[in-house]
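Labels run A, B, C, D, E, F and G following the written order; every chain starts at residue 1.
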Amino acid sequence: MVTISLTHYVMLSAILFSIGLFGVLAKKNAVSVLICIELMLNAVNINFIAFSKYITPADFMGQIFAIFVITVAAAEVGVGLAIIIAIYRNNLPVDLDEIDWLKW
Amino acid sequence: MLETIFIDIANWIRNLLGSAGVPALWNDTVMMLVKLTAIIVFILINALWLVYMERKVAGYMQARIGPNRVGPKGLLQTTADIGKLISKEIIIPKNVDKILFLLAPVLIFVPPLTIFSVIPFGKNMMAIDLNIGLFFVFAIASLSTLIFWIGGWSSYNKYSLLGSMRVISQMVSYELPMMLALLGVIMIVGSLNLSEIILAQESAWFIISQPIAFLIFFIAAVAECNRVPFDLMEGESEIIAGPYTEYSGMGFAMFFLAEYANIMIASAMTTVLFLGGWLAPFGLTFIPSWLWFFVKMYVVIFVFMWLRWTYPRVRIDQLLGFGWKVLVPLSLANIFVTGIGMYIYRALGW
Amino acid sequence: MLVEFAMHHAWLVPLIPALSFLIIVFLTRPFEKLTAFLSVSFMAISCFFASLAAYGVFNNHELAEHPLVYNFFNWLSIGIPGANELQINLGVQLDPTSAMMLFMVSFVATFIQLYSVGYMKGDPGFSTFFSYVSLFAASMLLLVISSNLLEMFVAWEGVGLCSYLLIGFYSHKISAREAAKKAFVTCRVADFGLLLGILGLVITFGTLDIMELNDKINNFKEYTSYGTLTLLAVLVFIGPIAKSGQFPLHVWLPDAMEGPTPVSALIHAATMVVAGVYLVARMMFLFDAVPAAMNMVAITGGFTALFAALIAITQTEIKRILAYSTVSQLGYMMLALGVGSLTASMFHMWTHAFFKALMFLAAGSVIHAVHTPNVWKMGGIVKKMPVTSWTFVVGGLAISGIPPFAGFWSKDEILVATMNSGHYVLYAMGAFTAFLTAFYMWRLIFLAFYGKEKPENHPHESPWTMCVPLVVLAVGATVGGFFGMPWNNMWAHWIFFGEPHHAGHVAWGAMISSVALAVAGIYLAYRLYLKDTEKVKARQLAEKYQFWYQLSFNKFYIDEIFLWFNHTVVDGSAKLMYLFDIYVVDGIVNGLGGFARLTGDGLRVLQTGSMQNYALVFFLGVLAVTILMAFTGPSAAGLVLGGVM
Amino acid sequence: METCIYNVIAFYMLAAVILGSAVMIVAVRNIVHSVLFLAACFISMAGIYLLLDAVYLAIIQVLIYAGAVCIMIIFGIMLIRRADMKESNLFNKQTKLAAGVVAMTLAVYGILAGKTAWTDVTSNVPVPADSLDKIGGLLLSQYVIPFEVAALLLTVALIGAIMLAREVKADGDN
Amino acid sequence: MDNKLDSVIKELQEKFSEIKVSEQQVVTVPVEQLTSFMQMLKDEYYMDFLTNVTAVDYPSDKNQNGEEDDEEDKGTMEVIYNVNSITEGYTLMVKTSVARQNPKLPSMFSVWGGAHFQEREVFDLLGIIFTDHPDLKRILLDDSFKGYPLRKDFQWVGGRK
Amino acid sequence: MFGKGLVKGLNVTWKEFWSKKFTVQYPDEQHTKPPRFHGKFQLNSDACIACGLCANACPNGVIKIESEKVNKKKYLTKYVMNIQYCLFCGMCVEACNKGALRFTQEHDMSQYFYKDIPLVFVDREAPKPDPETENKEKDDDKSKKAGKAPEKEGQ
Amino acid sequence: MLRTETYTVNFGPQHPATHGVFRVMLNLDGERIVKAEPVCGYLHRGVEKLAENRTYQQVIPYTDRLDYLAAGLQNQGYVETIEKLMEIEVPDRAEYLRIITAELSRIASHVLFVGVYALDIGAFTGFLLCFRERERILDLMEELTGSRMTYSYARIGGVAADAPEGWLDRVEKVVNDLPYYFDIYDDLISGNEIFQARTKYVGYLSAESAVDYSLSGPTLRGSGIDYDLRKAKPYSIYDRFNFEVPLGENGDCFDRYFCRILEMRQSVYILQQAIEQIRETDGPIMAKVPKVLKPPKGEAYHEIESSKGILGYYVVSDGSNKPYRVHVRRPSFVNLGFLDEMCRGGLVADLVAILGSIDIVLGEVDC
């Protein structure tokens, strides 16, 4: 009988994380980067919950941590979008390629 | 006998399958499928009937008699309409996002159908007895926002876009007071399980102990269903038909029917949460519980229709202002008062 | 049954006004009548509960020594559970002292709110005012019943906030805004001391619970030294100095008269300013353990009493006179505490609450009617406003210490206690203050209520909502003292520290002398301000003692001294610091900066400015570290990372 | 641990959907489609959570991610209008470099995951049935300070977002 | 008609000698004085309500077929304003005429906002140009329409057989 | 009190819900038309003298009349109403001195084909002038005129 | 409110809220209106030009088709202008019949307005209930004139036909019933808080700008200007009736709406008086006018108070049997001129409320 073990979840999370990372590094659109960050956070969440179930099922540490991750993610999206909108509002480009004001 | 008729049928099928030598696992699967299919069929038929009912109610309230030509008393009117709509061409305008445009009417039925799997129609009559059923309902219901938006956005039409933006802001704003209003109920019951909520109303329905919550919930439910006086999404005198503007044929019919499915959910939830679900009032238990449920549900649906054919439409800023400035503080106050009330109640031990 | 309920749910007393605050703020603000009704009725319910609780407490003698303490939930737990965990509970401590305060505060607050219905009519901020007052009452009541210092501190700050809001209620007036700021800042300065004291207590004794502290301080040698304890006591006392308007931080109190009159009555007569006294009373065990601190309290109190009375005799604004009188009376209370008589202090607080609230309200009524606060511009009001005037006269008799009015009994009690404890100088100061009190108070009465009518004033009696509280409080000011007559000594039987006093010991000498002083003061005022219709003699006296008059009239230039201090000392040192900063500190920093800039110029090619580019490099780094750690073993990684991991 | 063939099937199906839609999120050229794939990804992630006996988190996932975050992003996109939605989600210049880094990350991650002996730490205790009660209790007792901090964070984020996205008054007379 | 109006017209005649008054109390004003005249009507006689603006085409030959060649046309166009006074209760018809060849006159928009649409309509149907009008373009007819239909020489091509 | 109007509105619709309905099931039952109803036209071609007054009165040029002179008398050969242009103002009926043109109560004038829309009342050949009957007709004419007059008054 | 780029939306020409083929070009910032430019002419039929090629009587049916919702008023306006031109005295009975038709038309138009306005705001039931009452009035008019909407009833010098037997009694019955229905409208529509929230303080029109922009009718009176030609310059026989001119206070949509409701009540009052008086008036219904009308050379401008505002006819005669020039001063058209200013800064939904409240009829706007 085939079973699903912790490794499966960890691998799923790894692939998801990598896809998200690729998006963060390689997409032009700032919103898209935000989306990919969400993907990465979700990958982390999978790990948390999988560990919670397989390693410490009784004390729910992972699940609670995941809840906090979700909270932070929601806050991050809100602020991130607000920043992007503010940039757009000032008639500046939203493409990350062209945002280089960090340069000296 | 009548009380348990549906459960009996289910058991009979289960026994039949069992005696036919189907393994337990498969038996469960089949049973689940049967239940869900029954619910889907029920909803679809009900949606058809509700369209008819709406037209009848509207007619009667407007000094006319509504559909009366197709079938006895016009009962088959909606069926005929659907038949017509199916046979009509689905017009796909130029420049629309074709896949999403076609996907939206299909997806729009998914959330209501999913939600119905946890609603208790009668004593022990629910497809899935979920521990956090109430939460589940809201989680799934919040998805339909996205689907309305897909429909509106993909239409490539300014009215549709305006309508879909309205949908989003409206549904997002009213989800909040809706949930906050229910916190009072949840605090009293101490559970998110829908059957437990019903059972907790044995002594008094929550409409009596939580009248403000009921009012807020009902108003928010009307808004969530995009019904008058909150039907800004369609607002035919302003933005033609909102997200539905470009839909024709069956695509439109799907949206239309989904609206009724959503009304059913809203009224079923109202019934479950505030009107005692399938509990019989005044000890009239000889009427089966599921019948009570439907009676209550239809009363609520009637009120929905009654409102629709009475009130004008509010404006978008009034709608949002009302949600955020009136309903949200009121629901918070309700939670506060409920908490204090519960504490005093327990402290006094009355 | 109901009494039992009230005692065990004393937390309802502050909660009800808090509830009314919330309801007013969120729901009924637009509906003024509803707001007023709600606020007053909630306060009345609260008062009803409070009186029930007080009744219960005074019927249960055990509570005098073993207060009823219960915690209704665990508020915070800091630290590792089980080990050195600090449990802070939201609790209630009910003993005769707090029960008395509970009753007094809610009673006075109820009538003041009722009075405000009439006073604030037509004000655009009507509802806001009631919400503030409700919140204020809630905070004060919470302060009274709290069972631990943190809870008390929260309420203390709540009271401070509300007083800020209320003093600055007429925020369109610059003076009101300034007064509010002054009150707030002055109190915050002192609260810092209090907070330090509380922290010190926690660190030293590991608890904030008042009863536990009591036990632990009784044998403080196990925890700390005498010196530390003295320091803690002094720190704790700093808070009350400002809050209760003791010298030298009393400056905010007279200015605070900018608020609406009911606020003055509520905050500056009956409730908030006595919070400091109450805190000291609550922490009596702490001060009692340190005689030096005790003496400090006594001297501060006595000096404040005399000092404020001296200022009061030359003031012209009716509310300012009352304000300085309040400061003076608070000095009395502190004095009583300092000499170790909790009984006398609390007793004076009780009587003072009645007569001072009464006088403030009556003064408000007068100002309301004649539209000027200046006593010289009033006169002969007694004919037009009989209720107000006569109640004020009752207040005046009470504060001057004329038997059988309330003030006499309590003041006498304080003086006796002072004498008994052997502080003869303080006794003399107290006695002189009593004389001054009678003088300035009757000066006020004669100037404002009697004498010639001024033609420009058209006073008229106030509406019933304003009169009823006056009458009720006047009755209180008359009979309030009978609880503590030396013959029955009911008061001392209940509220005491250490051992209860015993009845029968009547100090006739002190009593007679204080009455004589009071009568002398009144007579002097009569001669100067009523008999002499042109006030010639008074003017002559002022001319003659020009220096002293000016000193008193300008409040001994305390405000100016503070200003001077601020301008010279604080600003001067700041200037020095500035010079140090720009030459020494900046010199170092600029030097470093120059170096960094040179380096940066070389390295800035690496700055692409693109966020994603940085992220890429960052991840490369993470990757490298991971590989190092995972594939080479911890030691090698540690080597590379410089022992960070 | 009850192993059921359904779980296996469900896992593989959900994983396929998740990864498929994740790839699409990155690959698709239209940002709106990207968001919709994101929603699909989130919903199937909720399925994974169900498999992991985290019912509460599954619901939270749907409610917050699919119901709120996606909609928020859509709102953001709608506010940032651009001429052609169809070309709104392109790759930048360092794509190839990024692909290299990601491939390395994945390799390292994979090797590490494979190397670790998970079975050693795995405990065979089933997840308690009343997880909701437990989580609620823990959140309000042991984790109350993080909980409050999270609440504070959300408030701060809310206010910050409003301040950032607030209408910029042109000329000050608008 | 109205005594009040009579006196007003008399006053007007004194102030503007060039105006002509017909039997029906219709005032004809030369184009040059139109704006100042109207402004005065509004400011001094409280004629605050411009009811109606219209125009009539009078080709020289009055031949409605418009067959003679236009270049020699010496005809005129009359623009008619009906002005009411809500407060005083009188009403006045003011006329002015412009040459048909070059139909131009100042817009009344600066005096009465109500002239906006009505002048646009007159422009649309008769081709009279109101200078200073803020937005003078066709209002009823299509932008691509040729000619001005209410001129007498307009020939309509098409219609039902 | 806020909400009073809302409740009143609900009350109105609730009352209407139970009130009498006004629907007329059209093809089955029909409203009775008043006598002056401007319905379909009817021409009494015998009474018509082809005078053309109706055609002149019509604002829209709906009526087309052709007649031929037969025996010194106008003989109506064609009477067509292009009813698609008709305003149903009733000017023609008013204009008819002979009472030949009338309104009926019939209102359903829809046709499947466009060409069927015009009402063709008369479309006939003029009879050959018959010299034999010419005199006779003259007599008839006289008698007709005599007989017509009271008839017209009756209308 | 988040600021976004403005974008243009074509509101119409085919749109449920424009009451016909009418277009408003909206510049929107989110849902806020930056500019609203009315574009009309989709229904332009050239009535003024047509009239130049018709005899004086033949123009009457065309006037019906301007404001087809209150055709009686249009007929009256035109006919009275010609009478003024030719100086014809109209018999009393004809005047009464004209006034009864005119006021019935006014009520019919206002009832329809109330219903349609409710529909614009989103209340469907009010729309149909209003139609029920309108139908009763139309039945009466059908009985009198033979047509339900385009009456062509008035004739130069009188009216087309006398009232049928018992007609006046039926009119009286309907008229007496009407106030009951107005109460229903008040309960269902005017009193509704949502309706009030949608219309109050929306589309503000100050008295000054209303006069400046030549607005008329209830639109003008909603802003508090007491200017009703029936009272200010009584034409026909309006000086024989006793009635009041209802005025608004705030000049918002609700006032404009409510003015009409009150005006209907006043119309009922006028009708009651008119029926009472016509019963005592016998006589001819036509003045003696020649068959072929050839008015003397000259011109005439005459205005009446129609249901939408001041309806003026300007007719120039050159002595022939056809008018040389006919111009119609259409209230709907002129009232539309202020739409942009009223809408600016409002929401899309406000546009619907404002457009509804000035009660345009496209037949009239486009002429």
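Methods note: a contact is a pair of C-beta atoms (placed from the backbone, for glycine too) under 8 Å apart; a residue touches a chain by one contact, two chains touch by 3 or more.
Since the structure is predicted, the reported quantities are computational estimates derived from the model, not experimental observations.
Centroid distances built from C-alpha atoms place C farthest away from subunit E. Between B-D and B-F, more contacting C-beta pairs join the chains of B-D.
The innermost chain, defined by the distance from its C-alpha mean to the mean of all protein C-alpha atoms, is B. Taking the mean of the C-alpha atoms as each chain's centre, subunit C and subunit F sit 99 Å apart.
We define each chain's centre as the mean of its Cα atoms; on that basis subunit C and subunit G are separated by 73 Å. Distance from the subunit B centre to the subunit G centre is 45 Å, each centre being the mean of its Cα atoms. Averaged Cα coordinates give subunit A a centre that lies 53 Å from the centre of subunit C. Under the contact definition stated at the top, the residues of subunit A that touch 2 or more other chains are 21, 25-26, 85, 89, 96-97. Across the assembly, subunit B contributes 61-64, 309-311 as residues in contact with two or more other chains.
Residue positions of subunit F touching 2 or more other chains: 6, 9, 12-13, 16, 22.
By the touch criterion stated above, subunit B contacts subunit G in their complex at residues 58, 61-64, 158-159, 162, 166, 228-229, 231-232, 235-240, 309-318.
Partner subunit C is touched in their complex by these residues of subunit A: 21, 24-26, 33, 96-97, 99-104. If you check the complex, the residues on subunit F that touch subunit B are 6, 9-10, 12-14, 16-23, 25.
Subunit B meets subunit C in the complex at residues 329, 332-333, 336, 340, 347-348. Residue ranges on subunit G touching subunit E, taken from their complex, read 40-41, 44, 46, 48-49, 209, 211-216, 225, 227, 232-233, 298-299, 301, 303, 310, 312, 314, 316, 318, 324-325, 327, 329, 333-334, 336-338, 366-367.
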